[in-house]
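As structure tokens, here come the structures.
In the two assemblies presented below, chain A is common to both, partnered first by chain B and then by chain C.
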Partner chain A sequence: MRDRTLQYVLLIPAFLIVLATTLYPLGFSLATAFLDWDLRKSPRPGEFVGLDNFGHAVTESGFQNSLWVTTIFVVISVVLTVVLAMALALLLRRTGGLHTFTRIILILPFAMSPALIGVSYRFMFNPEFGVLAKGAAAIFPALEGTPWLANPDLAMGILIATDVWHWTPYMTFMCLGGLASVPRETEEAARMDGASTLRIIWEIVLPQMKGVIAVAAVLKTIFALKMFDQVVTLTGGGPGSSTETLAFFIHKVGFKWFDMGYASALAWILTIIMMAISIWYVRLIITDKKMATA
Partner chain B sequence: MFKRTLVAFAATLMASSALAWEATPGKPHDGKTVRVLAVKSSQFEAHEARHEAFEEATGIDVVVDYVPFPNMKEALTAEMIGGGDYDVVSIMDQWVMSLANLVQPIDEQIAAQGTDLSDFPGAHMRHGMIDGKLVGLPVRGHVQLLFYRNDLLEEAGVEPPQTWEDVVTASKMIKEKTGKAGIALPYGKLNGQNLMVWVNLLWGNGGELFDADGQPAFASEAGAAATKQYIDMLLEHEIAPAGSAVFVEQDAVNSFKQGNSAMLPLWWWVRSQLTDPEQSTVKPEQLSFTSLPSVGDAGKTTFTNTWIFGVTQGSSDVDAATEYLGWLTDPALERDVLLDEELSEVVAVHFSNLRDAEVNARWGGMHQSAADALATAPGIEFGDDWPRVAEIMETAISSLASEEETDVMAALQKAADEIASIR
Partner chain C sequence: MSKTVLWWLERLLLLVVSTIVLFPIAWMFLTAFKTPIDAYSVSLVFTPTLQNFVTVFSDPWNLGSMVMNSVIVAGVTVLISVPCASLAAYAFSRFKMRGRKFLFFLVLSTQFIPAIVIVLPFFLMFRQLGLLDTRIALIIVNLAIVTPFVIWMIKGFIDAIPRDSEEAAMIDGASRLRVIKDIVMPMAAPGILTSSIFCFILTWNEFLFSLILTRRDAVTLPIGLVNFRTERGDLWELMSAAGVMITVPIFIMALLIQKHFTRGMTAGAVK
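After this line comes the complex of A and B, so read on.
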């Protein structure tokens, strides 16, 4: 009993930190989402407006655009990241010096700050002196002087590419972990029966990796939904509003428009989406564990 | 020996006359601390290096926290909501109205100090006023100039352009003769930077951003002509560097520094950067400047940028804070920094310094050009919704530059409608 009390006492500092840094801001922003709080008029929240801030989101074009942009971004970046990560994991599952070395350097992109990635890629795609822009022009001379980030589709493509480049290593390690639990005997038996590598991957490896892939995809979806840093440093949300993700738009509403009530409502819409996916994620893990122990 | 003594005496005399500011007699604020939140800037660091004189004269201790520009507005917003951490804050002109609840009127204190407000150009001074009350004094202010590579213009056989039409003609010659882009311009989105060049074309074409009722007035023939003129430099005449459609100010600066562009319309404070051997290929003897081009025969214009310093509503000692403001805005302090040979600070917000012979001798007449531009600069009345207004307009310009939108009038009308809906 005394031990149990001590356990709770020891938890208090951690609980207080979570309370101050997570629960209080969450609660405060939830309350703000139902208030009229225009920072230009007052540094304190104003009157209760019910669901007005949420209702405004339904008709407001900026939010609708950012929701569409975010959807496109999330779908493409998640699919590409997971497919690429799985492919890399299959290539790197073998043992050997080169494979180990490759695995070590593979983590480097993930170790980079997202903001720095945005700045770097902005430089690298500068048509005047960017190494990637110049490299592409060296291979395909017709691309010389292409204003890569000035085209809405190309800008979105580059934004997605930076995100895939950033997250693929981490997802590759997740897949490598999953592959380690796939029994080699099954594969060897299939190979002895004359099955091709592709067929082994498709019919033996991937079905057993379903749980890991699902978890990786859900996790990546949550991260992709929060895309902010690279948008700020790579495209600034442009050209026009073509790369304004939801997180970027919320920041704009809060800190440029100073409409804290509306920004809080939008933040909660994003939070609810992420909470729903998180709940699905936790269920997936539990199901995956049950499947593993069954 | 006599000569050296004479020089030393003259220097002392000059220094003492330069430091004209006088502390309140009796050091009434002795032992107090003034906490300052300032944007990171070498000019403010130069002020800080001179704090000792102020602290000795008043007994007030000054503590400055610097915040990089990209985070400054968030820091000021946090101070406005949280309050109480700072006595004096620096605020960019475009944010003043939306941060009205951060600062407080200081008319009486500044009047008591005998500060000559007429020495500040109206284009700067107006941003220190809210509803007729003085809430801050200009300390940092910028005008736009046209920087150019005199060697490239000479090679192309063209004179420094005086109109935007000249810019196009000269740029085509420069491209033909040197292979360089004529002019580096910002068309991308960041803090309304594209808008700051475009608005000069709007004024030059006889247009205005807003009418007398504060409603958008730029979706007009003049607005369309100005916008077409600006966009055409990129798409039709192709005189701006490749990729300019997403260039923000720093990209345009980089293009110039890399030697890829021959001209650059920009704030005067960037001058020292443009020939800094550590970051630029441009040599000092290659760099010249002139006032921003006009549209045809229309008068010269410039967008201005001003940083005011105000006293916060949460300040624990308004009198000590305004005493510091009095010292900080003393023209003698500004002159001292401008003439410091160890510094490359060009920024001045006092007519007395802008027209000072010695200052102009050191900076090649740049300050007189600025004074001339400031004397007639129309300026913009930034409302509390300006950050949002600027964002709407810069998005419209960015969309046209990237050809996401192709109908100039439709894009302007869409922006005007959006702005009207929030006013």
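After this line comes the complex of A and C, so read on.
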């Protein structure tokens, strides 16, 4: 076969998969977003309602709440993850037994099922017999009996903690990759001139890491926007609706209220937000070729 | 600050980090071997028991069938997506065909589509087709998430293979397909294996699809965890035992490909 034909033939199987499993359902849900389709009333799609489902989103309090919850979650978890990952990467840059050990075990949180992470944090923060709840009370007696997951702010804090625990390792590896490509000469020269380690990091290393940090932050934002698994297994969206992220709320609309039209409209709003950020991300990595760490 | 203080501070910080990383995992493993009574105390001294593992594999929990479902769903997803993705990755890596940029951008961006927007229509379709609560349904939906990701990863590995030997073989009269089969694929094998394991881990840990598309027969392990929430409260020792069952195979895989794992992760994300 000639290369000209072959190049497309090689793409066909994968393209068919993407077409059938992603593009087709995307179109399907976009179409559903313009329908009145309540599964409790009828298994068949109802009539065309134009932009009603989207209009509903503008005023509906559940959606407003989930937007707010998601924003807080994304901002705090992205900032914490990226800052911690960068700090950890600087710490792990050198060699040593403990360094190697830490690098190896850092793989574990990322390989762990997010649903299970939620379950295990729920267990550790149980006020009666959770090891972290008990530990905190032993150190600070005032915390005895704190209903960790029954307090909206604390529940959000723990949700963020599970996500930071899960993602910091991945981002650390990314930062380590970036650090490996920073030339050492300027650093050495500054050290010879007697500059302190902190100043070298702040004025020489970090400015060169700007690109990597930007990529890490955007990538983390994309993943944080999808937050779902731990919400189900850790807080169930509660207390009240204080940890109902967008993905969780859409799931609730679709599979508790069975309002397929509204759920599809909300899912598309989330998709558009994520696509906008993804395009930004792709442009970031295309413009900054230095990023290629592998 | 003096050098020795810094030296010790660095070790201390690393120790703290390691503890934070390992503690939740270690606590789950300990709890899995505790009796129900011990599980409700924070004591480190207890007589270990294997009873929890016996319990989760027998009625009414039947973790065995969930293990089967998870293995089959993740395994078949890998077997379908990795070969298709490898071919596509080669094409993206070596040919400058028309529309390449557009197609690649399409693949790249589907990776970032939220799973919930895909699963809603699939739920409606599978309901119509009577495919709810089947492994086939799960495999189809998982392909959506995994395939773009694997194309991306394997392309990174193929890009890193020098073209010289390919070109030499072609000059000697070997066909392109032969070159792919006999030269490129063997050289890319470690990368393809890494990507396969990655893909397996992603599917194995997948939660949302399974939550929506399965009820009883096709339930996978992460959903099994939710079953241990009963009217009597959460059965932590059984949840932990199930957690160990979910975690151990994945940890072994992750550690086996440790070096490639971190490389693959960053390749997929950054390259």
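In this text, the second predicted complex is superposed on the first by the 288 of 294 C-alpha atoms of A that agree within 3 Å, B and C clash if a C-alpha of one lies under 4 Å from a C-alpha of the other, contacts with A are read in each partner's own complex, and residues count from 1 in each chain.
What we mean here is this: contacts are C-beta pairs under 8 Å (C-beta built on N, C-alpha and C of every residue); 3 or more make two chains touch, one makes a residue touch a chain.
Note that this is a predicted model, so its numbers are computed, not measured.
Upon superposition of the two complexes on chain A, a steric clash is found between chain B and chain C.
Shared-chain residue A:L179: touches no atom of chain B or chain C.
Of the two partner chains placed by superposition, only chain C is touched by A:P13; chain B is not. Once the two complexes are overlaid on the shared chain, A:F255 sits against chain B and chain C alike. Contacts of A:I158 after superposition on the shared chain: neither chain B nor chain C is touched. When the two complexes are overlaid on their common chain A, residue A:L284 makes contact with neither chain B nor chain C. By the document's definition of touching, neither partner reaches A:A224: not chain B, not chain C. Contacts of A:A57 after superposition on the shared chain: neither chain B nor chain C is touched.
Contacts of A:I76 after superposition: neither chain B nor chain C is touched. Counting residues of chain A touched by each partner, chain B versus chain C, the larger count belongs to C. In the superposition on chain A, A:R40 makes contact with chain B only, while chain C stays out of contact range. When the two complexes are superposed on chain A, the residues of chain A that touch both chain B and chain C are 43, 126, 128-129, 255. Every residue of chain A that touches chain B in the complex is listed here, in rising order: 39-43, 126-129, 133, 145-152, 155, 235-242, 252, 255-258.
Those residues of chain A that touch chain C in the shared complex are 1, 3-4, 6-8, 10-11, 13-15, 17-18, 20-26, 28-29, 32, 43, 88, 91-92, 94, 98-99, 101-117, 119-124, 126, 128-131, 134-135, 165, 169-170, 173-174, 176-177, 197, 212, 215, 219, 222, 225-226, 228-229, 232-233, 247, 250-251, 254-255, 260, 263-264, 267-268, 270-271, 274-275, 277-279, 281-282, 285, 291-294. Of all residues in chain B, those touching chain A in their complex are 73-74, 77, 80-81, 83, 97-98, 100-102, 188-190, 241-246, 248, 251, 254-255, 258, 260, 384-385, 387-388, 391, 395, 398-399, 401-402, 404-405.
Within the complex formed with chain A, the chain C residues making contact are 6, 10-11, 13-15, 17-18, 20-22, 24-25, 27-28, 31, 39-42, 80-81, 83-85, 87-88, 90-92, 95, 97, 103, 105-110, 112-118, 120-125, 127, 140-141, 143-144, 147-148, 151, 156, 160, 175-177, 201, 204-205, 207-208, 211-212, 221-223, 225-226, 234, 236, 239-240, 243, 246-247, 250-251, 253-255, 258, 261-267, 269-271.
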